[in-house]
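Below: a set of structures, written as structure tokens.
Both complexes below contain chain A, partnered by chain B and then by chain C.
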Partner chain A sequence: MITISSLTKRYKDVLAVDDVSLEVPDGSVCGLLGRNGAGKTTTFKCLLGFARPDAGAVRFDGAPLAPKTFERLGYVPERAQLYPWMTVAQHVEVVRRSQPRFDEARTRELLATFRLPAKRVAKKLSKGQQTALALTVALATNPSLLVLDEPASGLDPVLQRAVLDILIDAASSGATVLMSSHQIGQIDRAADRVAIMRDGKIVLAGEIDDLRAAAKIVEGTFEGGVPELSGLSGVVRIECSGTMLRAYANGGHEPIVARFDALGARGVRVLDRSLEDLFLDAVSDEGALR
Partner chain B sequence: MIYVARLRAGRVLVRYGIFLLVVFGLFVISIAASHGGRIVTSSSDGSTTVRVSDGKPRVQADGGRTVTTKKVDRNGVTFTTKTVDRNGVTFTTTRVEPNGTSVTTVVRAPRGGRRTVSRDVRTPSTIPFAVVLIIVAFVAYVIVPSLGGNLDAEYRSAAIAFTRPISRYALAARYFAVDAFAVLLAAAMGAVVAFSLMGAFGATRFLTFDPASLAYVGLAAAVAVMLYGWVVFVASLVPGRGNAVVGVCWAFAIFVPGLVELPVSGLLHAIAVGLAWLDPIAYIGSIGGDAQSNIIPGSESVRAGVAFAIGVLAIAVGTRIWATREVTV
Partner chain C sequence: MPAFFTVDPHGGSPIYRQLTEQIKRAIAIGALLPEERLPTVKALAHELKLNPNTVARVYRDLEREGFIATAAGRGSFVRRNGVVGEARRAAATVAGTQIDAAVREARSLGLTHGEVRELADGSIARWFPEDAQERPS
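Here is the complex of A and B:
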């Protein structure tokens, strides 16, 4: 389990992470979403001890970060930080020599999946191959804690799918996975929970199914002009288009449906919202869904 | 992570080895070139005579001709040059005896003049062991800054280096151990090349060992520690720019002693001397020379002690900064 409590990190005048609290339970994949500069990478750096938080704490399975934690923690950075002059095989050797939980068979499997040439030096690998090597280094110990900053960046669609499958497998084996991605489809596929950051804060967090269940779109079609809709709780945004009125609900949508009926809607329908909708709402300037 | 440190040190040593091989090769080529085109004849007494330039006379600018022969026997090496020009004939014989004594005899027989003979005996010059030691150490210093910059280079691979189950201090300590071994290896490689070259020139017999020269072992090591420490410290202040720091450290080390020698006013001279205290190379001083002429005063032991203390302090502070700084890459 990864527990982040009131994490705050400031770089001079910029509040990069603002009182972030998040809990990722065992066996869960949590997607950390946000626009560029939202604070995702800084949060990861605070998690790994790369940056010193100004306030707050991070705990892994109840214990603070210590060198020993890295025996069961795998990390893939946003940009692969490899040894450019070392070969793929030498990177693997680094892990083999430094990690007591190194899994030879698993590593061979990963190298085969990613089709990495063992004797090629890292600087001569393509961007996707460098990401794949970073993933191999991170996953070679079958870690129970995974912190992945855009882990599928630069990979082709086949390998992206393979990486997501690996993460889902890891979580189903009890691993805790915290990953960020700009590909919402990847989060939608792999994650069971999500946290959306905006300006250093978490503006939306929870299980994806719960968030989807709470967030609906109620569409009503009216004869003539659309009526005025005010005083409704749980509505985060209203859009008008011709004779159609669309209300974005967060929470129960039934009162909105009832109101539409009362206003004489010719037809009312309730639509599910995609994770992308939730994300766009959360990071929009209105920043509605809280 | 000692594996990466070893690989890094290995890369530095390979480049250093190539550098030494090139130096060695150039010397061998120069020796071979100076003996080029020779004819060797052996005598029944076991001596060999070399006729330089195939025994053909070399024509000089004034029209004179010279023939040089080199004879090697149990009494040493004898070079004989016969020069014939319009003024007459001159024989110059230089015998270098096994004990290093050289005797040069010049016989001039001018046309129509009186033959003259002159003789010059020189006792062997000596090469203090300390001089060789400092030269070997100085050559090894070529790699010291590069090794010092290796720790900083880990910063750029932080996602791997700093996610191993060891503390950053332990990682740094391993680097220091590997780098110390690499410097010793570099010094050993330099010593092999130095003694091989001396052997090739027949100069090893002139080596003299003075127990006092052992102080230079400590001084050479202390200067290496100081040089390494500075790179570790300065690189920790500008993370990710280790290579630039290595270059600047060398420039500083070589530039400052020259600055001290400049005929400048009192204040500038005082500043230059102050900077020299930070310069590892300035601590070497003049070997066997007058201690008063050294930029850094004091005996070899004192200078070694100061250099070592500065080096250790720089390593300690640099490591502290390196181990606790935030990763911003």
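Here is the complex of A and C:
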């Protein structure tokens, strides 16, 4: 379990992370989403002790970050931290010698999946290969806690699928995963919960299926003119186009449908929203849904 | 895998609901037979590239609705439930949802009760021609 409580990090005048609280239970994959500069990477840095938070706390399985946490923690930073002059095989050798939980068979499997050339030095690897090597190093010990900042960046679609497999298998084995990604389709599959950041704050968080089940659009046409819908709970935004009205619902769209029906609306439909829709709403400048 | 399932993260409804409907449908059409063992949560999560908690939630829902049963150490099975059988109940659930949506849409588009019934009768006559011959109205 990863627990972040009231984490705050300020760089001079900028509140990079603003009172962020988040809990990722055992066996759960949490996708941390947000536009560039929203505070995801700073959150990861505070999580791993690379930046000192101004306030708040981070706990792994209930305990603060300590040297022994790293025995079961796998971390892939936004930019793969590799030794440019060392080969792929040498990177693996470092893990073998330094990590008591090094898993030989697992590592061989990962190297084969990513087709990493053993004798090539890191600086000669492509961006995707560097990501793949960072992942291999992070996963070589079968960590039960995984913190991954953009683990699919630079990977081709086939290898992105392979990363998806790795994350799903890790979650099946009970690992706790916190990952950021701009690939919303990947988050939608691999993660069971999301937290969406904007300007250092978490603006939307929860289980993906619950968020999607709650967020609906109720649409209908009112021939006699669009009525006033005030006082209807659960409506977060209303859009009109001519005689057509759309009510964005959050939680319990049935009463809204009933009201539409009672007001004589025609063509009443309930539309589902994708995770991408929810994300775009949450980070949009209008901010109407927040 | 005893049946094909596909989920589309970008497609309309939440993933767990897509998968729940598809498993019910597989039971309805006999792609999953009574007492047939379902893949483990881990295997299905791997196969469909889905979070295992999502798959586990689908199994829990199907179990709560009585379509499947889970025995410790033996995995999940399609339940065999008396004369009616889970297949017919699953079929009724899947078809019922669609008929309900279609009738609601028709009413919402301004059709009258009589007009909707006429449409329904037309569809029934088209898809059950043998019954129409037996019982001409």
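Going forward, the second predicted complex is superposed on the first by the 278 of 290 C-alpha atoms of A that agree within 3 Å, B and C clash if a C-alpha of one lies under 4 Å from a C-alpha of the other, contacts with A are read in each partner's own complex, and residues count from 1 in each chain.
Simple rule for what comes next: contacts are C-beta pairs under 8 Å (C-beta built on N, C-alpha and C of every residue); 3 or more make two chains touch, one makes a residue touch a chain.
Everything numeric in this text was worked out from a predicted model, so none of it was measured.
With chain A as the common reference for superposition, the partners chain B and chain C occupy compatible, non-clashing space.
Working from the superposition on chain A, the chain A vertex angle toward chain B and chain C, CA centres, sits at 150° in steps of 10. In the superposition on chain A, A:L278 makes contact with neither chain B nor chain C.
When the shared chain is aligned, no partner comes close enough to touch A:A205: not chain B, not chain C.
Of the two partner chains placed around the shared chain by superposition, chain C is the only one that A:V268 touches, whereas chain B remains out of contact. With chain A used as the common frame, the shortest Cα distance separating chain B from chain C works out to 26 Å. Within chain A, no residue touches chain B in one complex and chain C in the other. Within the complex, the chain B residues that touch chain A are 1-4, 7, 11, 156-160, 162-167, 170, 326-327, 329. Of all the residues in chain A, the ones that touch chain C in their complex are 27-29, 161, 164-165, 168-169, 171-172, 185, 188-192, 208-209, 212-213, 220, 261, 265-269, 271-272, 274-276. The touching residues of chain C, counted against chain A in their complex, run 9-10, 12-17, 41-42, 45-46, 49-54, 57, 104-105, 108-110. Considering their complex, residues 45, 48-52, 67-71, 73-77, 80-83, 85-86, 90-91, 93-94, 97-100, 134, 137 of chain A touch chain B.
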